[in-house]
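Letters are used for the chains, namely A, B, C and D, taken in the order the chains are written, and counting of residues starts over at 1 for each.
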Amino acid sequence: MGLKSFEQHRLGLRDGREVYFDGNRVEDVTAHPVLRAGMAFTAIDYRLAEEEEHRELAVCTDPATGEPYSRFYKIPETAEDLLRRRELIAAGSRVCGGPPLIKEIGTDALFALHIVSDHMDKSLGTSTLPKVREYFRECRSRDLGFAVAQTDAKGDRGKRPSEQHNPDVYVRVVDRRKDGIVVRGAKAHTTASPFADELIVLPTRAMAEADKDYAVAFAVPVATPGVKLIAEVSSHPWDNRFDYPVTTDLKMVDTVTIFDDVFVPWERVFLCGEWKYAGALANAFVEFHRFTAASYKLPMCELFIGAAQLIAEYNGVAGVTHVRDKIMELIAWTETTRGLLVAASLEHRVAPPGIAVPNITLTNVAKHHFAKNYHNMVQNLQDIAGGLLVTAPFRKDWENEETRGYLDHYLGGVKGVSGVQRVRAMKLIRDIAASGFGGYQEILSIHAEGSLAAQRITILRDYDVKRCVDIVKSHLNK
Amino acid sequence: MGLKSFEQHRLGLRDGREVYFDGNRVEDVTAHPVLRAGMAFTAIDYRLAEEEEHRELAVCTDPATGEPYSRFYKIPETAEDLLRRRELIAAGSRVCGGPPLIKEIGTDALFALHIVSDHMDKSLGTSTLPKVREYFRECRSRDLGFAVAQTDAKGDRGKRPSEQHNPDVYVRVVDRRKDGIVVRGAKAHTTASPFADELIVLPTRAMAEADKDYAVAFAVPVATPGVKLIAEVSSHPWDNRFDYPVTTDLKMVDTVTIFDDVFVPWERVFLCGEWKYAGALANAFVEFHRFTAASYKLPMCELFIGAAQLIAEYNGVAGVTHVRDKIMELIAWTETTRGLLVAASLEHRVAPPGIAVPNITLTNVAKHHFAKNYHNMVQNLQDIAGGLLVTAPFRKDWENEETRGYLDHYLGGVKGVSGVQRVRAMKLIRDIAASGFGGYQEILSIHAEGSLAAQRITILRDYDVKRCVDIVKSHLNK
Amino acid sequence: MGLKSFEQHRLGLRDGREVYFDGNRVEDVTAHPVLRAGMAFTAIDYRLAEEEEHRELAVCTDPATGEPYSRFYKIPETAEDLLRRRELIAAGSRVCGGPPLIKEIGTDALFALHIVSDHMDKSLGTSTLPKVREYFRECRSRDLGFAVAQTDAKGDRGKRPSEQHNPDVYVRVVDRRKDGIVVRGAKAHTTASPFADELIVLPTRAMAEADKDYAVAFAVPVATPGVKLIAEVSSHPWDNRFDYPVTTDLKMVDTVTIFDDVFVPWERVFLCGEWKYAGALANAFVEFHRFTAASYKLPMCELFIGAAQLIAEYNGVAGVTHVRDKIMELIAWTETTRGLLVAASLEHRVAPPGIAVPNITLTNVAKHHFAKNYHNMVQNLQDIAGGLLVTAPFRKDWENEETRGYLDHYLGGVKGVSGVQRVRAMKLIRDIAASGFGGYQEILSIHAEGSLAAQRITILRDYDVKRCVDIVKSHLNK
Amino acid sequence: MGLKSFEQHRLGLRDGREVYFDGNRVEDVTAHPVLRAGMAFTAIDYRLAEEEEHRELAVCTDPATGEPYSRFYKIPETAEDLLRRRELIAAGSRVCGGPPLIKEIGTDALFALHIVSDHMDKSLGTSTLPKVREYFRECRSRDLGFAVAQTDAKGDRGKRPSEQHNPDVYVRVVDRRKDGIVVRGAKAHTTASPFADELIVLPTRAMAEADKDYAVAFAVPVATPGVKLIAEVSSHPWDNRFDYPVTTDLKMVDTVTIFDDVFVPWERVFLCGEWKYAGALANAFVEFHRFTAASYKLPMCELFIGAAQLIAEYNGVAGVTHVRDKIMELIAWTETTRGLLVAASLEHRVAPPGIAVPNITLTNVAKHHFAKNYHNMVQNLQDIAGGLLVTAPFRKDWENEETRGYLDHYLGGVKGVSGVQRVRAMKLIRDIAASGFGGYQEILSIHAEGSLAAQRITILRDYDVKRCVDIVKSHLNK
């Protein structure tokens, strides 16, 4: 088997995993009124493969066996592979208005594990790449979904892992046994973990020798004993499509992920003490994942453009210069991000053992451009919409016979646009850009997949400044 | 009597006013679980006058009678008066983290009515200023609180009031009787109206002759028949100080305010058909009110600075260059806004009949600087705090015995800062800058007291560009 | 013959052309002390074809004849063609630090003439495309160099050509004869015209029917009677490599180009009265030319990066956070512009009669990004360098025995960097970014190839906003 | 005598001072064709006191003696003093389009010396304040003009003075004699020194104990043996009012100032080894001088506004939205800078021995706002003007009979604006914002009176962040 159905995936989540939400243990995430919506959203990647419209994009055929498998598992070798992957990621995100992530992030991690293992095996004589390959094959053949736990709790961010007064704020190896290792610690904001099959754990930073117990990477099934997921949802819990046209479906769930002395067998341990490779692995993952990130964000950008234009038309201001200018800025922002990813695909490098890595400078410039300007774009959208965004009455006032008539009469827009029609467009904008979820998105823009500062450092490290200095010197030496 | 107590004000709100919220008619706003919190916040101006700490700032003495009265009613005549008014507005806002507004906005409107009436009476021979003065005296002696309804529903914003396909989207006079007028229409986002004594209604824009039925300004008690308030609250409805340390108290309430053929006696009608003065009145109000606005916003800016510094310390990054730089930007933003208001006070002009108007260019530059940069400052604050802002567990998970121990152990910050302490600081930041209320504040920044575009136009209109052109010409003619 | 040598080109300029500079008629532009430097720079495109290093990039082979020809004349049909063209443009610019333009701009115009003629011929039944093709063939076989005169003098920019009080401020047809037309008017800032073989004249804007005499496009040799070129140079006139390491060679020359009743034979007239096609031609040219522009600007961006890094090292501040951050911004700016052009090449459309046009939205976003941020990048570079940029002594003080010893002793940088070495790096930065030429470059960034406003309008026109609106509606209709 | 005439000042400069310019020793700065223009500009402060229009502002009366003296020497004690000083500085700058500085900077230094000496004397038991007072009295009574040499050559900026491989790159004491000290080193960009009477030397940074030979402050006449001034001028050397309407007069001159073992008598030594006070003195000076700086820059800002408006009118685009928007930004920038200085005056603190110091946070925010946005404002101005800024022919082409007629005919603007009139407005803009002087001004904006980074650090140091943290804590502790 190479493709799992949405329904198969859903049923597979009833495996005794230890999930907490809103103060309670959740026995079955597929039955919980809030979390089941998060599950339905997260597993959209499985649905795409079932839909006529997306099947060609979502499914590949193994040339050796003729069997179909999820394109997410296609190891990129060419620009075309990267461009198709980018489109697939965008497709999932476009359906929902946001990123499902369940296969995107895991395969990002697996590609990185291939590259770093290969390098490490060659340098240190370890034999990790075969383990990675075996794991990859199994995941692909079972079409598994993932969460990746990378960001440690961190404690005092000014100190290295081994310098912390609380030794547990980074995940570490507390015991090495014959059959495997025991790990302890906590990872923050692990997206989609309650709905994943597997949890891949990666280091979050470069390590020094003193930190070597913290240089650990591995994979475990989510339902492994000792793994505890304390979940939060990105938006309100309600099912209310009038007031929340997007987030009634789009429910991102993150967990604080506790490793309470979790046992991991050696065949799933990919890094354990090789501290020199912790940074490389953290970076290699994040490079793939920033490409993913900038890809999945674009449909949200398109929502901004479309919503700005729609409400401008409803308000009768679509021709006003400053409104048009703000829509232009939304377009330029979107196309800059998208165009840079296209260029990053074309200008990829092929890293041993044969994986196309999107151009690092361009990918980071794309992600940074998106993130740095996100709040300004929110401002543009809010500016065009107007104050009714937050002062317009909510669904219940439209259901109340005493008030609905007034509201519909007075809150209409240009001729032909009723009060309810205009206010629903306002609610959509509020939902994505002036709500709890809007705040979540703002934080996501600047913190997910690394901070602005992380991207700036990466650009400086990757770009060939010396070449430019040499051009200057050639002018001085004329 | 010149000072009303908080309790007197509260009791005065049980007057049969017609308020709707969350789909229901609210019989008593002081008893409703959500609205009563909004009331308690809004009426803080009355509390200030009762507190030792603020009394000197909040209360003036009438030199003629020796009687005390609220400083909000002090008609500004000097720079000192404006500076003290600014401090008083900030004081109310500092107590709550946001603006109570109940006396600020109404006195802004009354000052504007004095100036425009005076001018109109002199030009047209009307006798409106005596009516304004009489009304002002009564309000001052009874220490009344206000809402100001200015922004019309507007419909098609590209059309003038008289050009709308729905004639009711701007408030207008539908009948002129011997004893008064009858008005119909709706005003959007009227802040604090359910908790005010009086409603002052002003035009929202300049009018042409064809719009003269829309050139109307008046005052009525909130409980006047036909006045219907459909209320929304700026934030969640909950009483939960752990997750919402600021907005559990700070509940701003706005209404769509319906005038369903409301009768207004002539002595409370301040503009009725004098269309040439509609724009002047709209502007005169807004000039005072932008000074108020930029004043009341500063305590929120200070919260941003303090929260950024506190969480930086908790996270162990207070010494990191980019963190310090972002705090610097928060300070510069705050002090630019504040400093410009101080200068606007000093460089006021005295308008007939003797009222000090803060410098218009400087006031608008202050407001515009605040608003244009608001979203960037939110980004700065969010950037310093980190992703836990939105993924950290909420109160109920801290109350759950199964999870609280893990959370407290793993989510601590630098030595001495426990998990609960750090997360509560995160929650405060989320509450003010990454939540439904955060979205409300973002919209407030760019739409309340006029849009960014309105401020830009005002600056161009007020500034003496010709003086600068003359300097250029003097260089060319040397 | 398909390739002309640099020397052949130079000699061809002694043809009696009417050039004025610095208050005098210039008899021979190849002999004038300032203009000959401009010529040497402009004709670098011919040198590239002669150099081993650039020959493969600069020269194509005609598959039909086996003859070599300049790649600038390769009509782009694929992404690869566009990418190679981009590299060739950058190569010419990289040699000098700025754009030679002599073949770039002319072929941009010729590609546009192909597309618009084809469309016009099909719609109006004209037969212009054959004339364009014949002209193109001749130019290619003789390897001619061009200037393109597009921007009219314009007079009152708020009025159309036919509304001007001075009818001559846009170039127009004043006589139609059997053998050709007579044109009158002036075009501003025609780059490189004193060093070109041919002058291609295009309309600068869309025209209405009343403007039809102004709807004119044609080509003439530069030495045509009545064509008068009043030239200015982008920088100082001096030959001083110490103080001006870049602009001693890099001398851009622009002219006010007067058409004093110039006769043009019909075979070189490509538009004459077909007013509906004036705007299309203006735009089609500019779309190619903005791609050219963003391409030729990149080597200047690389100079900025290299100079910033070099002077930071000399000053001992290369590791300082804010310095690194500014270099990062220079890199991000450069790579954003470059990456978007790469994407624009990949996502081109093929316009009849078979010419690959770079993606318009992406090209304009690239150009706009470059231009909008240019001044900030100048600030970054200047900030890193320091005040010595403008206060460091010039060459003569380094030649003066009384002062040179002091200067070399005191103005050195980190160990191993002498005073003269550091100051020459400063002079290079001053030369490109804080001098008369620096000012020229600033204006070039925002005005050449269309203003910022022009690019914003183009982006709005080209982008498919409706697609985004439909996505929003699909959410609202769920 | 308390007031010196311009002519007296001029004659006083023929004192054998050792000045080098353009490769030669200059025997008499008042006779040199370029430097005499710099002198005439610099000494404008003396002219102001002679002019009816400025006399009241420029001259104070000593209440004790009834004698007049230059207001620059009025030690500020009140807000009013600071506001008047600000106006006087702006007045001098407004006459020329730029800052004369000859008394502004010196009195800034003297005020700082009073404050730091007072503090030092009290702490260390030195008796420096009496020396400062004596020096101040003498300068005031002789109405002397100054240059202040503060910025050392610096060498490797990553190292302290005592760590440099070349010990001379910071000015230091090389000998202590009974009658005085001997100093050696070089200071960079000392403005106006060839035209000053006195040279005040201050440390440029905080020092550690190892640097104590570098902790030195003193004053000497410019003509002191061993003081060598190697001068550069901010703009072109020409006298050409057509092409350079502003800088033909406005010639700022800076020197590399060499101290070749210069003897300073003890009565003019204000710091010598008291290393703990070096930083305090550097800062105290710069705080006054940033207030001066932001004051003198405002007339240049006004030129920007006026020039933008004038050329917009000439071009026929004064009503275009994006043009108006850019003028609005110029106004907001100017008024923000000005308003913050007004507020800084009002909110001064009085430092012992009784000197009003403008509010440090507000002054630095003003300077930083001006500087950070300078390049964007240049862009706004250039954007409105258009490409003719740099491609319009220069004076000689307007004097050439063959070309002037064409130019005047074709380059006119709206009706009534001739070619020459429009181009002269263009030349003025080029002169101030797109020329060698424009580059000088850009560097001046971000480097003079401390870099952007210096202002950011100062703001962080001065602002009371703790007060804001306490507000946050009060919310958390409710």
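The rule we apply is simple: a contact is a pair of C-beta atoms (placed from the backbone, for glycine too) under 8 Å apart; a residue touches a chain by one contact, two chains touch by 3 or more.
Everything numeric in this text was worked out from a predicted model, so none of it was measured.
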Self-contact between copies chain A and chain B, residue sets same or different by half: same
Equivalent of B-D within the choices A-C, C-D or A-B, defined by over half of its residue contact pairs recurring: A-C
CA centroid of chain A to CA centroid of chain B, Å: 39
Euclidean distance of C-alpha centroids - chain A vs chain D, Å: 52
For chain A, residues contacting two or more additional chains: 322, 325
Chain B residues within the chain D interface of the complex: 94, 97, 241, 245-246, 249, 299, 302-303, 305-307, 309-310, 324-325, 327-328, 331-332, 335-336, 338-340, 342-344, 346-347, 361-362, 365-366, 368-369, 424-425, 428, 456, 459-460, 463, 465, 467-473, 475-476, 478
Residues of chain B defined as touching chain C within the complex: 321-322, 325
Residue ranges of chain D in contact with chain C within the complex: 20, 22-25, 151, 153, 155-159, 165-166, 168-169, 185-186, 188-189, 228, 230, 232, 234, 254-256, 258, 260, 315-317, 319-320, 322, 374-376, 378-379, 382-383, 386-397, 399-400, 402-403, 406-407, 409-415, 430, 433-436, 438-440, 442-444, 446-448, 451-453
